[in-house]
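After this come two complexes, each holding chain A, first together with chain B and then together with chain C.
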Partner chain A sequence: MNKATTKLLTELRKDGDFNATACINCGTCTGLCPHGLDILPRELFRYVILGLEDKVEANIETIYSCLLCKMCEANCPGDVNITANIRTLRNYINRKHFKI
Partner chain B sequence: MLNRRIGVFICHCGGNISDYVDVEEVRKSVENSPGVVLSKKHMFTCSDAAQTEMMKDVLDEKLDGLVIASCSPKLHLHTFRSMSERAGLNPYRYVQVNIREQCSWAHTDNMRGATKKAIALVEAGIAKSCLMPSLSTIRVETVPKALIIGAGIAGLRSALSLARLGIHAYLIEREEQPGGWVGNLGELFPQGKKGPSLIDSLLEQVRREEGITLFTGTELLEKSGNIGNFTVKLKTGQSDTISLNVGAIIVTTGFDTYAPQKTEYGFNDTNVITLAEYERCLQEGTGEIQYNGHTVKRVAYIYCVGSRQKTSESCPSPNTQCSRYCCTSAIHAAILTHKRDATVGQYHLYRDIRTYGKYELLYDEALNLGSIFLRFDAATPPTVHTDGQLRVNVHDTLTRGEEIEIDADLVVLVTGMVPRENKKLVNILKLPIGKDGFFNEIHPKLRPVETVIDGVFIAGTCQSPKTISESVASALSAVSKTAGLLKRGYVELEPLVAMVDADRCVWCDECTKACPYGAIQKVEHNGKEVAEIIPVLCKGEGACVPVCPKDALDVEGYTDHQITAMIDAFSKEMAK
Partner chain C sequence: MNQSIGDIVGILADNLALRKSVMPLSAKQSTAWAKGLNIPHGGTCVLYTGHMYQLLPYISTMQKQTEMVRSTPLVHTFWIGRLINKFINTTWFMARADAKQKKIYNRRLRNIALLLRKANVDFGYLYGKELYAGALVSDLGGKDILEAHARRVYAMLKSEGVKSIITVDPHTTDMLKDMYATIIPDYDIEVKSYLEVLAEKDMIPCKKNEGELAIHDSCVYARYMNTIEQPRKLLANAGITVKEPAQTGKFTQCCGGPVEALYPEKARKFAKERLEQLKATGCKEAVAMCPICLQNLEHAAETEDITIRDISECLYEAYCDDPS
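Let's turn to the complex of A and B:
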């Protein structure tokens, strides 16, 4: 069972303005990704805002594959700071998962 | 009959008619029919040029009857009636024959048949025209006063505007306290003003206005009379009654909120509440939100409860409508929550978010403040578990349909509006009710506050779910229709009403039972009791005619004599 909590979101917001809740789920980002990372960033952010940590951990490879090219961010109608959010997420994973 | 001078005009309607009906053949077939002195064709009879020519023909040929074979009378009956009038011909001596919808459009596969049918219909029209007398509209003087039923926000706003237009408003309210639902609401979107303060400021103005009489604890008992001049009997207090004369009635009786079933989304649990209850809770205290003695840190909203339902075994008579205000209202409550305590986690379980127009900004604000939206499919609604920790399970279509479980301190059911049952009032006013249970307007776009009962208007949420601003807009619309009616001082009604042959009538009372408008009364005539039509109440629908055992009733414009002549003319032509 996927239990929704706000723990992860609260934790991330200590590091920066993680504004993925502003996402309107249009899917523009997924469609535009030159890398074809289908889970990035919309679905990944769903896992984050719902606090589903195991789903986030299962996708660490993908999170680090992002080029931070901002193709998605420049076209996001919800003004989500996608690349900044990914950096914040990487920081969190570095600390929590890789202990660095 | 042959001394009539009737003109017949056949319309091509561009090609709409002439592509499938041989218009020239129709013209030739009827040119020598009894009473016809002139027959012509026009490309568009409704065009200004054609109307000018036809008017000239009416004058030059001294026509005393007119038949135009064109489109449906729904489209151009009034166009041509008014043209007749301008040519000095009584407008009721004009007969419209519909050879477009009934011939050319209906029989595109059979031109011969369409033409034959058109000829027959025109013949019938000519036969009717031969028997059409000159008639004048029924003129009724109007009383410059109005009755408004229901002193909620729509009723209060209507009363104020009517009074300022110089029409006295009798505003009646069943409850002891005016103000309706809005009087009990907390902070309202979009400006954040509170319900009671909005109502208080209106009531203050109402009290100062001389042109308004407000009756609380008052119900409508009876209504008689007709558009422009109704007599209404009111019950004020326990046993007092008063009678008033009014020219129009505006119904602003409002809605009821949907009451969830005990088992619906765990509603029997004390921590599963409606949006209205949560909004009241938000009005109390500051900082952390308390409900039922505990601090609220996780709220799950379930949208569309009791709205947009589909027929099913458990829901045989569904509320199919979207209630319009609830998405915005729930999101507004969420914003208030975020602002009081930023650490509260808020989960919105929705089907579609409808914060339309300017309210979209509120949705944006809620998203940015951290509200989390999960979308469910109507076929798989969320489930609420009240055993142990209160929790909601939902298949979130935005997360690949995965099942998500949310622990909540409070589950808020975003309930919509349902029509308020008011059988007594419906009975007294004969208000038309739509399939959805709300009162019905004549036309949703073009005549949104008028009902089929002349002089009775509907406004606000008794007509359909609305936000407060929409309710007020419709109230003001009803005001302008009422003022438009009463300011002129009189109304003109169709003279195509029933009539009684007093010599034949034996007063058996069958016709009064058949009449849905109460337009027939008993009178003395030459020492016997007979039926009499009250022309201003009669709609000319003819329910009384076939039930009369003595054939004493007829409807003007559709008399037995005319109908028989039309059938004869029609079948004579068809037999050819």
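Let's turn to the complex of A and C:
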């Protein structure tokens, strides 16, 4: 059983305003994604908020597959900075996993 | 697979940190397009290429090589490549651009410079001092490296006395206009794309143009900075009929180019999907306004009955290429 923690979110917020908590889980982003990636960004950001780092790690390919095209962000009713959040997440993975 | 992502991102980030570009080009390679144009050196307003058009022919070759290696056990040796690249610029050995492609991309930059000249815009060029803006590393999450690079670019611009910049592609525009402003306090360089600059001028076509084109908006121009009307205005003013695909303007569909470096097979799939939308307009030609879109869609269109063109080519023909 996973235990929720704010550790990951706190860590990411050192690198930028990771505003995933503004997400209202409406699903607009997943519906509009030209990739058809159902994990991005709504569910993924939820994993971050809950501190489920193993779930985030399991989706590294998806995280780097995002086109940063802003189709989701331009239509997000919660004004979540989705592309900035993805870049922040990549920065975290680059440092932690790829030692960049 | 994930580790190869890390190694590719690592090589690009190392190159930016150590050699000031994701794929360092010599000054001769990056400035060849301007030969014979007599553009003044420097000045307060400069045309800033950000090396995107110049890099594309090299990136294309490198991606083909990388793709071949990725389907073999050699993919597990990428980390060695990254290690060696820290000491020796391996891109010098790997990237051999096609001469014809280089000529085509250089001609597109020349078109832009000649269009600005035709519109009586006073501009200079930084030649070998110009630096890559860092878009790819920014997108791949290389925050610290990007920030250091942005400060380096800004210091160079200030030392050259640059106050305003005219950009040629959406990614460089986004970096210099918006991203740098989030990194550098009191960032004070005015940035406009050449499409914005030209659209503000009352340009007169040099001949009667006709025909129709499908338009492909770049995601970055359309959704990041709302540059949607300017290319349409310039094309329509020239007498060209602009046909809109199913998804257009603010709702433009990505060409897939942004994932080309890491997932070329995905990039190809998205380019095909977008190409179908462009073909559905019934046009035999479509225009792109970003070199990344252009390259990705051009590859997708190789076996199709539609030609992808850079908007600079169409605008040059309409406004500068006087047949008389």
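To be clear about the criterion, the second predicted complex is superposed on the first by the 100 of 100 C-alpha atoms of A that agree within 3 Å, B and C clash if a C-alpha of one lies under 4 Å from a C-alpha of the other, contacts with A are read in each partner's own complex, and residues count from 1 in each chain.
We take it that a residue touches a chain if its C-beta (ideal position, glycine included) is under 8 Å from a C-beta of that chain, and two chains touch if they have at least 3 such contacts.
Model, not experiment: these values are computed from the prediction.
When both complexes are superposed on chain A, chain B and chain C sit side by side without a clash.
Rounded to the nearest 10, the angle at the Cα centre of chain A between the centres of chain B and chain C is 130 degrees.
When the two complexes are overlaid on their common chain A, residue A:2 makes contact with chain B while staying clear of chain C.
Of the two partner chains placed by superposition, only chain C is touched by A:34; chain B is not. Taking chain A as the reference, the larger set of touched residues comes from C, when chain B and chain C are compared. In the superposition on chain A, A:22 makes contact with chain B only, while chain C stays out of contact range.
After overlaying the two complexes on the shared chain, residue contacts for A:58 are found with neither chain B nor chain C. With both structures placed on the common chain, the touch criterion links A:46 to chain B but leaves chain C unconnected.
By the touch criterion defined above, A:71 lies against chain C but remains apart from chain B after alignment on the C-alpha atoms of chain A. Taking every C-alpha atom of chain B against every C-alpha atom of chain C, the smallest gap after superposition is 20 Å.
In the three-chain superposition model, chain A touches chain B and chain C at no common residue. Only residues 298, 343, 345, 347, 364, 367-375, 396, 398-400, 402-407 of chain B touch chain A when the two sit together in their complex.
Remark: chain A residues 15-16, 34-35, 60-61, 64-65, 67-71, 73-74, 87-94, 97-100 touch chain C in the complex. Contact residues of chain C toward chain A in the complex are 1-3, 5-7, 9-10, 13, 138-145, 219, 223-224, 250-251, 253-254, 256, 258-259, 262-263, 266, 270, 273. Taken together, the chain A residues at the contact with chain B in this complex read 1-6, 9-10, 19, 21-25, 43, 46-47, 49-50, 52, 78.
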